[in-house]
Structure formats: structure tokens, C-alpha cells
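Below is one structure; the comments refer to it alone.
Order as written gives the chain letters A, B, C, D, E and F; numbering starts at 1 within each chain.
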Amino acid sequence: MPTVRNLGIEDVVAQLHDLRNEALRSRQRDGRPPRLPSRVALTEIVTGVTAALYPNRLGRPDLTDEGIDHFVGHQLDVALRSLQEQLARELVFASDLAAPAACAADAADAVSITREFAAALPRVRQLLDTDILAAYQGDPAARSIDEVLVCYPGITAITHYRLANVLYRLGVPLTARMIAEVAHSMTGIDIHPGAQIGERFFIDHGTGVVIGETAVIGRNVRLYQTVTLGAKRFPANDDGSLVKGDARHPIVEDDVVIYAGATVLGRVTIGRGSTIGGNVWLTRSVPPGSNVSQAQALTDAVIGPAG
Amino acid sequence: MPTVRNLGIEDVVAQLHDLRNEALRSRQRDGRPPRLPSRVALTEIVTGVTAALYPNRLGRPDLTDEGIDHFVGHQLDVALRSLQEQLARELVFASDLAAPAACAADAADAVSITREFAAALPRVRQLLDTDILAAYQGDPAARSIDEVLVCYPGITAITHYRLANVLYRLGVPLTARMIAEVAHSMTGIDIHPGAQIGERFFIDHGTGVVIGETAVIGRNVRLYQTVTLGAKRFPANDDGSLVKGDARHPIVEDDVVIYAGATVLGRVTIGRGSTIGGNVWLTRSVPPGSNVSQAQALTDAVIGPAG
Amino acid sequence: MPTVRNLGIEDVVAQLHDLRNEALRSRQRDGRPPRLPSRVALTEIVTGVTAALYPNRLGRPDLTDEGIDHFVGHQLDVALRSLQEQLARELVFASDLAAPAACAADAADAVSITREFAAALPRVRQLLDTDILAAYQGDPAARSIDEVLVCYPGITAITHYRLANVLYRLGVPLTARMIAEVAHSMTGIDIHPGAQIGERFFIDHGTGVVIGETAVIGRNVRLYQTVTLGAKRFPANDDGSLVKGDARHPIVEDDVVIYAGATVLGRVTIGRGSTIGGNVWLTRSVPPGSNVSQAQALTDAVIGPAG
Amino acid sequence: MPTVRNLGIEDVVAQLHDLRNEALRSRQRDGRPPRLPSRVALTEIVTGVTAALYPNRLGRPDLTDEGIDHFVGHQLDVALRSLQEQLARELVFASDLAAPAACAADAADAVSITREFAAALPRVRQLLDTDILAAYQGDPAARSIDEVLVCYPGITAITHYRLANVLYRLGVPLTARMIAEVAHSMTGIDIHPGAQIGERFFIDHGTGVVIGETAVIGRNVRLYQTVTLGAKRFPANDDGSLVKGDARHPIVEDDVVIYAGATVLGRVTIGRGSTIGGNVWLTRSVPPGSNVSQAQALTDAVIGPAG
Amino acid sequence: MPTVRNLGIEDVVAQLHDLRNEALRSRQRDGRPPRLPSRVALTEIVTGVTAALYPNRLGRPDLTDEGIDHFVGHQLDVALRSLQEQLARELVFASDLAAPAACAADAADAVSITREFAAALPRVRQLLDTDILAAYQGDPAARSIDEVLVCYPGITAITHYRLANVLYRLGVPLTARMIAEVAHSMTGIDIHPGAQIGERFFIDHGTGVVIGETAVIGRNVRLYQTVTLGAKRFPANDDGSLVKGDARHPIVEDDVVIYAGATVLGRVTIGRGSTIGGNVWLTRSVPPGSNVSQAQALTDAVIGPAG
Amino acid sequence: MPTVRNLGIEDVVAQLHDLRNEALRSRQRDGRPPRLPSRVALTEIVTGVTAALYPNRLGRPDLTDEGIDHFVGHQLDVALRSLQEQLARELVFASDLAAPAACAADAADAVSITREFAAALPRVRQLLDTDILAAYQGDPAARSIDEVLVCYPGITAITHYRLANVLYRLGVPLTARMIAEVAHSMTGIDIHPGAQIGERFFIDHGTGVVIGETAVIGRNVRLYQTVTLGAKRFPANDDGSLVKGDARHPIVEDDVVIYAGATVLGRVTIGRGSTIGGNVWLTRSVPPGSNVSQAQALTDAVIGPAG
């Protein structure tokens, strides 16, 4: 008797139907909400763009001089057209958030943001070249620049960050964030696309690194695994909602090294050329050339958010 | 001469053959051991179930009112039939462990567990709605509920946990564990499916979080990256084997916040509304409303397992 | 008018073209650089080899006695032929690094390294059997040896390490490193293939574990998540370049347990049977049977690299 | 020197560029022409619709009573949404043909045609049931109705025809034709979607069968391989262009059998219950109950088109 | 308003539901009918078996002496296990046809048929070698034996036939027929698996060839495109149903050539060494050494089935 | 007992091993024979080249003016590099045929043939434009030029022919033949790549058409389904082997129409502007302007090969 094997799906479908409708009602929605950018599409877009940036290493290994520019042009064409579509989704979604169902976002915006993103790519390539060189020079295990490019998770994370940061600055923070999360999932390195990071940036090993939205990092900075550059606390508005966008993460000046497990919280400044020891907990600024060990740092330990 | 290129595969095959037979003999097995659930299948099952829970966001973005229930019903049908098969494998495997070759597990059990799992899904959706809301309200970087759902690794981990926990409580711990490991690999967040976790649970960043099998977490709790809720030590039986199933992980009461890198070990209780600072090492209970900083905690530091 | 939708791709292509040529010139290259091993290919090779090592569990679950050796032989044949090709790429690349465009690497070397790798596989299987047994015996949550094999990220990481270590010792460090990074991305566990690790090695949870290139680990050692076995500092040569290959990571003797978050740096020795507590920061040797807690360790805290 | 391996692609690209522009100019086009329906999409649509028509045989073999309607509903939802999009393409394309660049086709038309197509599906299922039964009863080699459905190319061709014919009658002849060509490629049977064919239609073997646009076929008709029901000649308008849409193919009344290789041309009528022998060439009407052999037919042989 | 876009799917689902139930009732069925063999699975099985028969040409082109037997063994293992499953389906289906719901087919039968099929493969290879040689020797366009194997549709069709014929003789006619239809779709050549065909069989071009179930073909026979070896008529039993299994197709003796478009119908014999001209229509036996042209044949033309 | 389920694979592997070795011995071979071009690769090459020829219709439908040349260039680059590799295989194979194991084919030949093939592509596009126009003008069912391109099997066959013919003339007949067979399998139209065919060539329906290696077809010729342009007989050399390369197929002058089922055999000439009726059997030349019906033709019927 077939009934015996019934799993009660009909009931579950009906209950989920009611839950969905209730959720829409509670958000005063009539129609379906607009689409979000697709993570799968963004993953392919980053793959295409990085293939265009480093065609021999991250694209097709058998490219010839004759074919390489066509390859680059075609990768960009496909990736940028797709990006433009994803950006249009975010713009519609954002304008719908502001005024539901009065979706006025202009598709032309998606085109112009995409164009500016494209124009930024040569500069991204230059920055990444400095990052790769820094990794090669800073790791005794690295034997060649090429192997750093194909093999270091820190480079994967920084590449995604540099692309996401361009988008963040162009006003599409959700797309930027989703690209950052792709890298986070692959590498365990979580760099918010809003952070500002100078050239020659190197993260070794990297698992557990967290860099917050308003962090500012100078040039030639090196981090190890499980370093947090976080916020100390989240101030709330009078109505209890969190203040958004405030500068709440550290400033790390040029030539700083931060060892594994160190936690730096709040809008403090790590002065140029400082070294922060492993597992150090730091919530105050330190002058240029400081050498902070765990014992010293402990005296400053306070309770604070590490988000 | 082809011989030159020989890789000696024949020998390796023979040696591996002997090693396999020896391994089977040492476990007193005659026939092949029963099959285990497949990780690939479980990954697809979770994808299908979450698509049914949030069809517009995690299923097909172009669903219409007309098609949505058919989509949900079909996703559930395919995912649950497959789950039923995987559960049958676990039941046969478990009964074979108890009494090799006397495999008496009833396929009917797999059906009834699947049915109960299905019946729990609406409640899982309700819990996840509270988790998503908590993430949205707790993170200054979150701009909308939808983006939390598609983009936050903490939500990915909690979704897998809530599904795995239902299965764990229904008596299929291996399947539950394998689902948890899928999330672990994607997010770096390792929540044992045996843990009990209340609504409005939020993990920010998350890489390196470990929550043990017997942990109990109240409602409205927030964790940051690299937090461990672990066991202090593993008591052994008289014969030296480990005692299994003992309550050995912390109890975290409602409205607690635990900052990045904090470690809480053993069956201690973090009282309601407490705040545990970053990198704190804690092996004793603290009363409600406590504010524990790293310096204070250190006085209690003892050597103990963090598993 | 189509021009309106132009994204300026032509310009980007031209600029990237110039940047590439400049990069080649700055490295005094005329032709294309040699190909690197492919990460996708190496991932498939590891999948094939592990399927050959554990055909029932990691290969095809429906294998019969009649078919199993053909399966193993065929998996090895496909995986080893592909490995041989990848190794040839590394050898050409390495010889080109030494003397650009005078690429003298012998394809015969790739064959003989592959043959030695094949010959080492039965021993790898034996070692992995001890690792799996250690995990089963050391985790109260483990119910069977089989589930440890298919479900524990620590086992995934150690499997990749043991294969990569064989290749490292055979003189193909880049391929070895790329295999290690595949595991790192899947598990958050970063074991350098140059490390030496004895049998019965167990890593629980594992996210954030880092084990350096010259670390030496005895038998029956257990680590938890976020443990670092790192270098204290990187000595430089007179010309400022880093000294490579020096013994700079810890020696961990037999039967040691190191709990979550502990950091051990430099060429120190953890004596046999010692226990290192969670979050401990250790930069000196400790005698056999030591029991190091966070408080004790802190007195030794110094600033040092954790790479 | 890389130039040696140059293939001259740059020149070919430039020449093809000029040829494309010339072609557009010669058709007085400024912008890109509108998109056509996609053959790949149409192939998937037919697969989805036939899975909905025969879910156990052409859909998923493991469907249960509980899941089957959700399966059918979901298949239809996906297939019909996709069809709607393809039909919109055809409507835009057709309106652009009439008035280039003044593309006024209404997307609402695509919806309403799709809705009518959906409404016709139960009738299509009924007709196909009669066709399958006729094949089963008419072929001594057929052992069951199910095997006719999954195995006979004639059934594949008729299924595509019956779906394409609905679309043809709803005013989307290009989509209909493309679906017919999918079947043509799979089976060698070329039935124009404009033909009218009654129930219980059976084509045995089928390779080389051609049935023209204005053919009318009664009920219970049987054809063998390489039968042509074609046009005799194509009358031209005064300006030399072909007259389109004229009734120019045969009428075949009920209960007729036409053996392999027979050719019937022009608007002739094969009377009810007639038998046309193999290889017969026929360009005149025959009364009901006729028995036409090759010898007889030859006396009527005329030169005429078989298109 | 979403309703506007409704396609009426709900109604169609309900109507198709009723039609399915009606169909089951009319066949006096309660439960779901048993599964049929899968065409996709059979296609893969043939691919695997032919790869085992010609590993260098139809398997992997890069096989070495060391790996080739493992390749062959593994291909056979995978293909034969899958075949065994498909055969079990046919046996259950056939026994259900005989006595619905009293499904008594023995899985052991599937094993033993598969074993006999395996044992026949070396003989199939020998026969195919003769067919390939005949094609090479009989076609002025053929330059090598290898190109005949990879490129001639006649060889594809004969390979499928020879495999299907073994299965037909072992009592699984449905599986055999489905394999034949795979070849029919690829090549336009329709050889019933029940036909008996000697060695050195060659079909040139082949589109439109039909060879019936009880045809008997000697050695060294050559056919061209659109040749039919069919039945003249289908005698019926007293109850009007067709007599099944009767010898009703031609006998073609050794060394016969039949040119394009010729049709031979009924249990006639083409004597050894005869030549049948193009487009000839033949329904009577001819003695050895005959030379039949279209004009002669016409005098014998009768109306008859070509099925 | 596992033995029960044994399929005897071991024996089959051994027998096939012996058969293979015997076959190699009988051809006096020591090592493995060289690789042949891959049908899968050639199929992708044709897809890529046709996408480059008609980028909007057979490539990506969403191409913009900005991206189209990069698309074309990239398609050509990928397709031509792959073609070059396949051609190298044919050249090695052919030189090995001539002198086994003394494989002297120059890779440079593959490059130069590929370059000439590339240079011929603009001319191929021009010819195909005339073919498409002829189909549009000659078929009352055709509504637009675009639909002819995407939907007519005759166009598919002619496109493959025109590409294959370029390769045939460049000295790589095996690759050419394999491309022709891809079209044959898709359309049932078998055009030998050696045939010479003028512009404005149209085949309607097409299943069963065969055009031989030395056929010569003028401009503006139209064929219908099942037309054969074949050889009358194959003259043998003194040693009994077939004479290869002789002109043995018909010459069809400009503006000829040949209706369905007609067979023309031998080196005869169909004079300009002639019409050959359906099913006509013709083995003699006819003057310009002839109108040949079946009755007339029969008087000339002779027995002859249609290959």
C-alpha cells in the first residue's frame, strides 16, 4: 500500500506556504521581492576577471602571443556583461528597500559602474603585482613569484578584496560583500570590502583573519593567521539601532607586522614600522616603531567587541 | 621500449590488496562492510531542503506564485526520498556495527525518521527566521534581511546545524555529523549536531568557532570568530576507553555575547546576559550579568582539553 | 545607439597587454614562461589515489571482490599518468628558474619520481590506518572507524599531507605545496609538506592549525584547533634575503597533546608525554612529562614570528 | 620565435567583421537583429513537457504517489516559463521582420499562447495514448505498451509533432519548426508541424519519412520508412516569388497503410482504407479501398517536386 | 498583479492526474508498474564495453601496456554491473507483464545472463574485426583499418547489433532492442537484434537501412543505404492479433551485394554471390549468382509490407 | 558468498589481451599505433568555427558591437589551436601508415595547414551566405534567412561539408571525413568532403542523401531527400585491390533540380538546367534542359554500385 511510504510532504508544503506569506505580510510586501545578485554568477565573474588579469597563470596555460589579447578581451566581455546584470539586480534591490515597489533604479547606472570597474582593472593588476612580490620576498618557503600567484590563499583573498573594494567604492556594497564571502569560504580569510589596504600587503597562512569595514592599512603590512582588526564596541543611536558607517576599526601604518592570533580593536593606530606579537590583545594606539609582546599588551586588556 | 615507462602499478595493487584483506581480517569481517551515507548526496539533500525553506532566495529566483508550491513540493520529494535512502544506509551500518552480518535494520525506520524530519521543517524555518533577524539587528554592516540570508557564513552554518540537530535527535548521528562537516568545510564553523541552541543565534565571521556535542545555548546568544565551547577533559572508563555521551560542554544562558578567541571549557554555566571578552580563557561558571575580561579570566586558567 | 553601452574593454585590454609585457621584460624573459602544475589536475590525482587506497570507502561503494583490483589498478594508472605530467611541468619550471630558456629537465625524472611515489603508497596506507585508529580512540564522539575516515577533516588534511610529504621528499616541493593547499582550503588546516609527522597523528576540529616546514612531530601526537607550530623569526643573509631551509620550527616528541589555540614557536622541543594547555604561548623547550598552562607560559612570552 | 606559429587570426577576424557589416547593410539594418528561440532551450522544454505527460516512463522512474503531482507541476512550471521566454523571442523577431526596429510585439501574447499550449496538453496525452496503442497493436515485435513508449523512434517523432502542431496553430511557426527539427535529427523523420494528423498514427522504422506542411492525415494511418507525402510543384507569384501557404500536400484518409519508399505528391486524396505499396510513385487521387502496386503506379509517373 | 501571468498549471496537473489514473485502471493495475531499463544507462554500457573491446581506439588514447588490462577490467566491471541491474529490470518487467504484481523474477538470472554476455565478448571482438576488414577492403575511400573503426557509421551500427544480438539470444529482447535503437538514432541504420548476420558484414553510408527480426544474412555480404530486408505481410491469428516470431524476413546467402534503395520482402532467399541492383523491388527468391536489375524486378512487384 | 556473483571478467580480460596482441602482430607492429584525431575534439572545433562565422546566430546571442570581435578572435584561437593538434595526429598517423615507427611528420605542417584553413574561412562564410539565401528563396515554408540558418539540417550538412572540403584539399582527408560524419549523424546527409560543390547549394529535408567523393556540382543546384550521386562500379587493379581516387561520380551542372529518391550513378553529366524526377534511376548523361521522369529513366536501368 503506497500510503505506508507517505512522508507527509503535502502538509509541510502547506505550512511553509503559510510561513512565507506571513513573512511577506510582516514586511508589508505584496509582490515578490526583487532578485539578489547570484553567488554562482559572481564566482564566475571573479574567475573571468582574474583570468584576464593573469591570462597565462589563471586563464589558459596554452595561450600564444597571437591569441592572448583576444582571450583577455573575451574574458572581460563575458565577465563584465554578467557583472552589469548582477549590479542591476543590486541597484533595483536597494531602491526597492528604500521604497518598496517603486523601483526606480536606472539600468544605466549598472552600465556606468561596470565601466568604471573595468577602467580600474589595470590599477588592480599593478597592486596585486606588489602583493605577490611582497609574499615572495617575505616567505622563506616561496621559491618563485609564479607559485605564490597560483598557490597562496592570502593572494586569493587579497585578489577578491581588491576587486570587491573597487565595487564597494562605486556604490554596490552587497555585490562587493558577496565576492568577499566567496574568498572567505575558500581561504578562511574575511576582509570586508570597505577596508582600505595599501600595496605590498601579505597575509601568511591566513585562516581566521578578520579585517573590519573601516580598517585602514598602509603599505608593506604583513599579517599572520587568526589576526583580528576589529571594532571595540558598536555605539547605538537613541532608538537603540546601531550606528552604521562610523570609523570603528584600527589604522595600521606602513611596514607593520602583526603575528598570529593578535587582536587589535577599535579606532586605534599602530604606528609605522611596529611589530605586534602573537596572541597580543591591543585596544590602544601605539607609536611608530613599537614592539608589543603579549605580556605588555595584557595590561590594556578590556572587554570589547571583536566584530 | 614501453617497459621503461612502467610505474610498478602491478606491485602496488597487490600490496594494497593484502593490506585491505588484513584490515578486514583484523576486524573479523567476511564480506564487504555495509555502505555509508554519501557526502555528495547529503550535500544535495541540504541544498534541496534549504531551497524548499527559502524558495525565492535559495531556490529559483524566478519563481511565480503559481509555481512556488510545486517547486517546494518537488524539492522536498526529491530531497526526502534521497535522505530516506541515506538514512537506511546509516541504520544498516549501525546495526551491522552492533552485530556484524546480522543486519536487521528495518527500512521502515528510515521512512518514519524521514517523515518526522519532514514534519520538523516548518519549525526549522521559524527558528532560522529568528537567527537571520538577530544577525541583521546585530551587525552594523548588514543592510537587509535578504543579504544576511544569502551572504553570511554564520547563517549557512546555523542552517546546517538546525537540520542536522533534528536528525541527531531522531537517532541518526552519523548522517547528522556528515551534514555538520559540510558546513564546517564551507565556513570554518564546527557545530556538533548534538548541541542544543535556542532561537536568535548569531555567529559573526565565524572561522574557527567550535561548539561541542553537549553544549547548551539559550536564546539571543552571539558569538564571534574562533570561540570554543569545549570539553575540559575526557573521563575514561575503568578499561581506559572514553566515557561517551556525558554532559561535558558549557551551558550558555540567554542574551550572552562571547567575543573573538574566547575559550570556555567544561560543564560550566555562563549566566544570562553576561559578556565574555575576546581571548578570555574560562573554565568556571559565572553568574548572570558578568563581564569577564582576559585579565580576570587568566587567574582561573588551568590546563584542559578544548575538544 | 550601441556606443552608449560600451564598457571601454578595448582600452583595458591594451593596458593589461602593456603591463604583462613590462612584467616579462622586468624578469628578462623573451618567450612565455613554462606551465605550472594545475591545481584542478592535482585535486583529481589526490581523489584518484585516495580512492585506490580506500576503494570501498573513498572510491565506488558498490565494488565487488571481482572488480576491486581492476578498480584500484585503473585509478592508479590514470592518477599516476596525470601526476607524471604535472611533475614534468614542475621539473621544467624549476630548471627554467635556474636557467631561463635553457630548459634541460629530463622527462625521465618525472617517470622515476612517479614510480617512487607509487611504491610509497602501501606505506602511506599503513600510516593512515594508524591515524584513523588514533582519531577513533581519541574522540568520544566517534562511533566507528569508517565514519572517522569519511567524515573527519583532520583525516582529510593528514591524507593530503602524507601524500604531499612523499612528493616533497622526492624533490617536487611545488606540487607538494599545491596539494597541501587543496587540503588547507577544504579544512582550514595548513600542514607544510616538509614537516615530518609520525604515526597515530590526530587533529580534532582543526580549523586554523598551522604546522611549519621544518616541524618534527613524533608518534601518537594530538592537536586541537588553532594550534600553531611556527617559526620564531626568519634570519636573513648578509644581503638581506631570508635564509631558506633552516630548522626553525618545533620538535614535538611522542605522546604529546596540544590544546586549542596554543602557539609554539621556534626550534624548541616539547618533551615526550607533555601536555600544552589551550591558548598557551610557548617559545622555549619543555622537558618530558611537562604540563604547561597559560599562566606559566606567559612568563616566557616574547615577540616572535608565527609563520 | 613565436611569430612562426602565428595562424593569421587577426586578418580573419577583420575580414569576418567586414562581411558581417556588409550583410547587415544589405538588409538595411542598423542595430543587432533580435534573438531567435534557442534550440537547446526548446530541447529541454520538450524533455520537461514529455516528462510531465508520462512522469513514470519519461520523467523520474522512482516517483511515488505522493510526489508525482509535485513532479508534474514543477516540470510544467519550469518548461512553460522557459517556453514563454522563447515564444517572446519569436514574436519580437516576427514583428521586427515586418517592421525592423519598430518592435511592437506584446509580451502578453507570449503568456497567452503559453497558457493555451498548457491547456492543450491533456488532449495531447490522449492522442499520444492512441498512437502508442496503435504501434503496439501494429508491430509483431512489440511486447508491451511501455516499451513502445520508451523505444520507438516513431513515437518520439509523433510526440514532438503533436506538441509542435499545437504551437503552429497558436501562431508561433518558427518555434514549432525548431521542435520538429529536433525530432528530425534524432529519428530521421521529418514531419512539418503544420500537417494535420488524426489519432492512432503509426510510423515504423521511420528513417527518411517526410510529411509536408499542408498534408492532412486521418485516423489509424500507418507509414513505413522513407515514405514522402510531398508537394508536386511550387507555383510562383507574378513576381517569381513562391506562393506560400497553399494546400499542396496529400490528403490521406482513415485506415490507410503506405509501405516503405512510397512517394505521394500534390493535393491528391488517398481514399479510406487504401493500401499503397512499397516504392510506389503516386501523383493522382485513388478511391477508398484502393490497392496500389508499383507497376500500376508507374504509368502515372510524372516529374514533380517531392519537397 | 501576479494572476495575470498565471498559466493554468494547476488545472493541467489535475487533468493529467486523472488521465494517468484512468490509464492504470484500464490496465487493471494497482501499484506503479515496474521500471524499464534506462536508455541513458544502456548507452553508457555500450560505450564502456566497446572501450573494453578496442581500448586504444574507443577507450583512452593514452593507455600504456602497463595500464591497459586494468583499464579493460575496470570498464568491464563498471559496464557489466550496470548491465546486470538493467537486465534485472527487464526480467522483473517481463514477469510482471505475465502476472502483474506477482513479480517472481530471480535476480540470479540477471547475474547469469550478464556472465554469459561477458563470455561472448571475445567472439564479438573477432567478428567485428572481420567486419572492419571487409569495410576497409570494400571501400575505395578507406585509407586504413583504424579510420574505418572510428569513422564509419556502418561499423557503429554493426557493433551495437552484435552486442544486442548476444542479449537477444540470451532472452532479454527489450534491452537488446533499446541498444539497437541507440544505433538507429546515431546512424539511421535499423538492424533488429533478432537478425542473424555472419562475419565480414559491411553497410556503406547506411542511412535508411532496415533489417528485420528474422532476417538471416551469410558471410561477406555488403549493403548500401536505404536497403530494406523486410516482411511481406503480417499473418494474423484467428482472433485478429498478429502472429509473432514467424520467419518472415529474407535469407541472404554469402557474398551477396545489395545496392542502394533495394527492397527485399518476405521469406525469400537471395542465392550466394548474387547482386541486387539499386532500387530493385524483390519479393521472390533468386538462385545463386543472380544479377537482378530494376527492370527485371519490376515484373514481380506486388503490394506488400516492408516492416 | 561473493563468488556466486562473479561475472568471469578476469577471463574476458585475458582473452581480449591475447586478441589485441595478435592483431598488433598481424600488422607487424611493436609499439602502440599513433593516436587518431578525436571526434569529440573535431565536433567542438566545428562548433567554435561556426560560432566565429555567425557569432550572433550560432555563437552567443547577447554579443555587443564592443565584444563581438574579441568573441570571434577567441573562438578562432581556441578552435584553431585544437585543430592544429588534431591535424598533427593525422599527419603522424599517415606517415606511420607509410613507414611504421619511422614517424617523420613535421609539426610545422600542421601549423601551415591550420593557417591556410583559417585564411579560407572568409570565403567559406561567403559561400554559406549564398547557400542560405538559396534555401530561403527555394522553400515556401521559409519565413526568414535567420531561421534557415538555425533550423535547416541541409545548412548544417553543407556547413560541415564546406569546412571539411577545405581540409580535404589541404591534404588531411581523415579529419575531413570525420567532420563529414559528424554532420551525417546529425542530419542523415552524407556528403563526402572530396566532392566539389558550387555556391547556392540547397538540400531540402535531406535524410538519406549521399554524395560521392568525386562528384562535381555546379552553382544553384537543389536536391531533395534520399538522392544518391554515386559510383557505378569500382574498377579493381590487377592485384584485385580497388582503384582509388578515380573520377567515378556524376557531374551536375548549374541550375539542376533533383527530386527525392533519385539515383544518379557513374561519371555521367546532368546538363545545365535539367530536372531529374523523383525515384529516377539514371546512369547515362543527359543534355542541358532535360526533364527526366521515372518512366523514361527506367529504360536505362542497369545494375550498378551506388556507393
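Assorted remarks:
The working rule: a residue touches a chain if its C-beta (ideal position, glycine included) is under 8 Å from a C-beta of that chain, and two chains touch if they have at least 3 such contacts.
Quick caveat: nothing in here was measured; it's all calculated off a predicted structure.
Bringing chain B onto chain E by least-squares fit of CA atoms involves turning it by 180°, to the nearest 5.
Among the remaining chains, the Cα-based centre furthest from that of chain E is the centre of A.
For this pair, chain A with chain E, the centres built from the Cα atoms lie 58 Å apart. Per-chain Cα centroids separate chain A from chain B by 26 Å. The multi-chain contact residues of chain D, meaning those touching 2 or more other chains, are 2, 5-7, 9-10, 13, 32, 62, 64-67, 69-70, 73, 76-77, 188, 207-208, 226, 261, 279, 298. On the chain E side of its complex with chain D, the touching residues are 4-13, 15-17, 19-20, 23, 27, 32-33, 35-36, 38-39, 93-94, 97, 173-174, 177-178, 181, 184-185, 188, 190, 192, 194, 207-208, 210, 213, 226, 228, 230, 234, 242-246, 248, 261, 263, 265, 279, 281, 298-299, 301-307. Against chain C, in their complex, chain A makes its touches with residues 52-53, 55-57, 61-65, 68-69, 72-73, 76-77, 80, 84, 111, 114-115, 118-119, 121-122, 125-126, 129, 137-141, 143-147, 150-153, 186-188, 204-205, 207-208, 224-226, 257, 259-261, 275-279, 291-295, 298. Partner chain F is touched in their complex by these residues of chain A: 62, 64, 66-67, 69-71, 73-74, 76-78, 81.
Across the complex, chain F is touched by residues 2-3, 5-7, 9-10, 13, 64-67, 70 of chain C.
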